[in-house]
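Chains: A, B, C, D and E, in written order; residue numbering restarts at 1 for each.
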């Protein structure tokens, strides 16, 4: 009799089954690493001159210099704080309104066209309005980021709720779960995957909106760093802040997934 | 055909009066139910007295599930009159109607215990010790002790069906509608569950409508067997089962009645 | 900022900008805060990355004091932003037309049919239009490529455009760091000065505070004139440009000697007014020439200076 | 016997059932109309001065003026063209890569971290890089818009595919449908709702990225109009272009929904 | 208990030799299947000859579906040896194994015709006239003519089950695994479908493994009835049905065998 339970992963379908391949996460570094090498070669061999695109090393030096002087941490900290607050707010409001429009046809008819229009307004377009409405303080920045995070959450959740399996809703109805309990025990868990995709999208947009937000009278933050780099024609700062965005974006994405895995409990 | 059926069914045949009150708990008059082009039911009349146990049999696709859905208030669009406890089902009907669907319809993300707890009546806190105890008791009754923490995708087909049955029983309604609740169970498990259902019925005075394809089951359990037929479905015959309980499954009278029902079903 | 209406409002919001060296000196030395210390008024600094951003802060009522190019101030005033200019923070030669030797462009006339990068609505853009006008060309005779200043610079370097209406410090950097970059057309008179704009409401309701701002600017200006090297150093630090670039920008192309606005400024802006109209940069029928006098206020600062 | 089939809509659950209420779509105009009225009142009564926020009428006049001179159509046409091309490209690539990473664990491990990082890079950050890589022509603009449209499509589709019901994949396996047929007959139809949410999000982001794209050497387009309005301190142009974005965004959303309804056939 | 069963089942009892070739088409040796903590099957041995019709009965949750899943190659993780046509199922097994799942598993977005067409063998173009004809024929055979354009959510439970059956038949495999394919059907429909299955089996020489809870069905259809039991499941008994076809449902010998199986199932 053969030994029990082989250890290869199941290969049916795309769903990953945790297994012994611990090194898989490292695969994700392969492509970026290749890109960095390519980048270095392109600049080092002069295909692209260094004043247009600095070498990876030069960018690392610039970042290291800012890190050593402590300046970098201030930029990162303030941007992370803004994104955190803004995304939190946007996700909260998006969840609330997504639930309402997902559940009520009337609410959806009333509000959905408005949101569908507003969702296409670029972040830069909001800047003058937010400046006007909320001034140059932190409020304006956080609210602008919240606007960015709001739409994907709203859109995914309301679609997700409207798509919850009718069969399960009937169960909730037959067993008289009532509005709140149906939501808590049937609708939300069923729409959770949509909500989580929405939250991932929302956090992504929060990072996108941060640059626009930090055009509102900011003198700190990664978005400011980027705009400043552009104004000063400093490609090393530009590329450095792009890398910071990518890195922090990835961190926030890992965090969201972590939360998801906890919540979904898989 | 339909008019014959009407004639058969219109005055709730004899036995209905045996129920404790005169007014039927379930009253169906000239029910006609249409899904777009398909007419599922046409001219169905049925009255079920309080505490009565009625079995519904009929060919696949004749509208049995549809009848239960209408009774439970899930299908507000139909013609005719359908009342539960005297209230039109379109006006909300009674809240006290429970239903076990033909498919298990379990919540994928919840374990067996939570799924059964969905059936607990409104107002019962599922985390209260009494409620937990009741849920665990039901899980045991349907033979799933040890699986309380399993998720639906870890259950076999018959096990899932039993979870759905336990959920229906947890609701403890005054009218219980059951749509082929034992179809995925083996003989012995089925017999156990049938007997348990009878116990609950007798103890709680529940009014039960049971859809089944198992004629043996129908005559063993019910006071009355309603035979639906045709597409669109209507009542073809009603067979009274006037045999005292507890019944013997092998009782020759039951076997006789079984033949009557089978004949009514047959072409 | 108090929307410019608050008598007794506890803050005054002032912008600073890399193109306004005195503002950098004031920020570095803390002289504005010093000026307001006894009044208990707080100073709030906002960074303007360009005239358009400074105008946006003024328009939203957030910045009581903002620094722009002269033409940008007139454009904003004409389009309804309630600002007045009582003070000139510098007289720079910050813009010129730049090309590389390979392009064969030697004069403005050679630009015909070529592409020129410029940022619409900014000083270099107007500089370009005036230069073309001088050479008997119109905007239609060249292809104006609308790019932000630094990106215009790199487009020129990559050869995607033939010339660039440049702006310091990018222009100085290009000169110093790239061989072959030529400033083929320079004309200091076509630069439109650095205007320090005050919100009308601020001037009217809080003249005392406005006066203190100008006082501080005077102190900064005098110090900068006396210490050009140190000023260039401050500029280099703040804007992260190299010392030589900052040197060139500040010491060779900035004149801080005439802080009071007057006839030369009026004249220049009046000359540019038709261009504002013909380019559709102002609301139709808004008469920018008529706004020049509203914008420029030589009286207010003259007591201080 | 009562008349058959009453005409009220079913009210169980949130799924809308088409019915006689033809005026429901008009509900969606109620909230925007109220907002416009509020806006007019706020400006007309001087709560916000007109140089900060023009009245709706003033904005309408500006737009009308541009429309009459023909200038507006040029702006709209070029922007719509850019968005159309960019969104089309982004959706196509997003669909392809979303499919690959949704199906293959290895592809997902290789590529997903990269995309998760890149998705958080703001549109403005791409501008200098795209200028460098693709120059000042239309290509750069269209590609930048495509980047925006890519991410939501990619994210939603790869999540959606990974979430396709395992039971149905087993059916495909047992009946030996093969890679291509499984995709065509099982995976895609099952993931279609996710893809459509992604496409709606992607089209939304295409509109967002158009402003950044039109900072690249544009002299036409609504994004250019917006930037120009900001440079010139012309709030009527700013608000006008915001309204254009909202309107066109809504149109594109309706178009996407229309296509969806055709495809899904409901 | 498990060792008894092994003793019973190990040498494929008598009848296997009746198959046309000596080598069994399905060979299961010491199969042990574990899901995390639950052991579903332990020590199952079974050999099915080419063209044989085997029925599997057993209590709910004893591992019948699991056995079919292992045979079909859907569960590559197990201990023991399982081969189809001589190839280990973990190495791909035979492509020529079809399965009708316990649940209908229809594609929601496709109509009945498309759902049945999913079963057409690889290489057959579903739009070819011949293929369309075959699909329509199958739809008629399972009694769903007129519903070819219906979507799964417009079907009754039994109708959906029949679509899934038709899909399995469309595949026309050399080994057909059926998981309670008639559980949701009424008596008459069920009898029709059983007879149709027998026709197909005889005509095509298909090897069939049928899981069922209906003992009558098992002895009526099969050459051999395998009784699974216990949790974890193992083979409890094997009952040979040495009765010539065509069989009479009421044949006293069948009734006798039915009792044997029931006894083997009973406690």
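The working rule: contacts are C-beta pairs under 8 Å (C-beta built on N, C-alpha and C of every residue); 3 or more make two chains touch, one makes a residue touch a chain.
The UniProt protein names, listed by chain, are A, D = Binding-protein-dependent transporter inner membrane component; B, E = Nitrate/sulfonate/taurine/bicarbonate ABC transporter ATPase.
In this text the structure is predicted, and so the values were computed from the model without any measurement.
For the pair chain A and chain E, chains touching both partners: B, D.
The chain pair with more C-beta contacts between its two chains, of C-D and A-B, is C-D.
Inter-chain centre distance (chain B to chain E, centres taken as mean C-alpha positions): 29 Å. Centroid to centroid, with C-alpha atoms defining each point, chain A and chain D lie 17 Å apart.
For the pair chain B and chain D, the distance between mean C-alpha positions equals 49 Å. Averaged C-alpha coordinates put the centre of chain A at 38 Å from the centre of chain C. Looking at chain E, one finds that residues 74, 103 touch two or more other chains. Multi-chain contact residues of chain A, defined as those touching 2 or more other chains: 12, 52, 127-128, 132, 170, 173, 227, 230.
Annotation for chain C: residues touching 2 or more other chains are 56, 59-60, 148, 150-151, 154, 158. Within the complex, the chain B residues that touch chain A are 72-74, 95, 97-99, 101, 103, 105, 107, 109-110, 114, 118-119, 121-122, 167, 171.
Only residues 9, 12-16, 24-25, 27-32, 35, 48, 52-53, 102-106, 108-114, 116-125, 127-129, 132, 151-152, 155-156, 159, 161-164, 166, 169-170, 173, 193-194, 197, 200-201, 203-205, 207-212, 223, 226-227, 230, 235, 238-239, 241-242, 245-250, 252-253 of chain A touch chain D when the two sit together in their complex. Of all residues in chain D, those touching chain C in their complex are 50-52, 65, 127-128, 131-132, 135-136, 215-219, 224, 228, 230-236. Partner chain E is touched in their complex by these residues of chain B: 35-36, 38, 57-61, 64-66, 102-103, 143, 154-159, 162, 179-180, 183-190, 213, 215, 262, 265-267.
Touching chain B in their complex are the following residues of chain A: 167-168, 170-178, 181, 185-186, 189-190, 192, 264.
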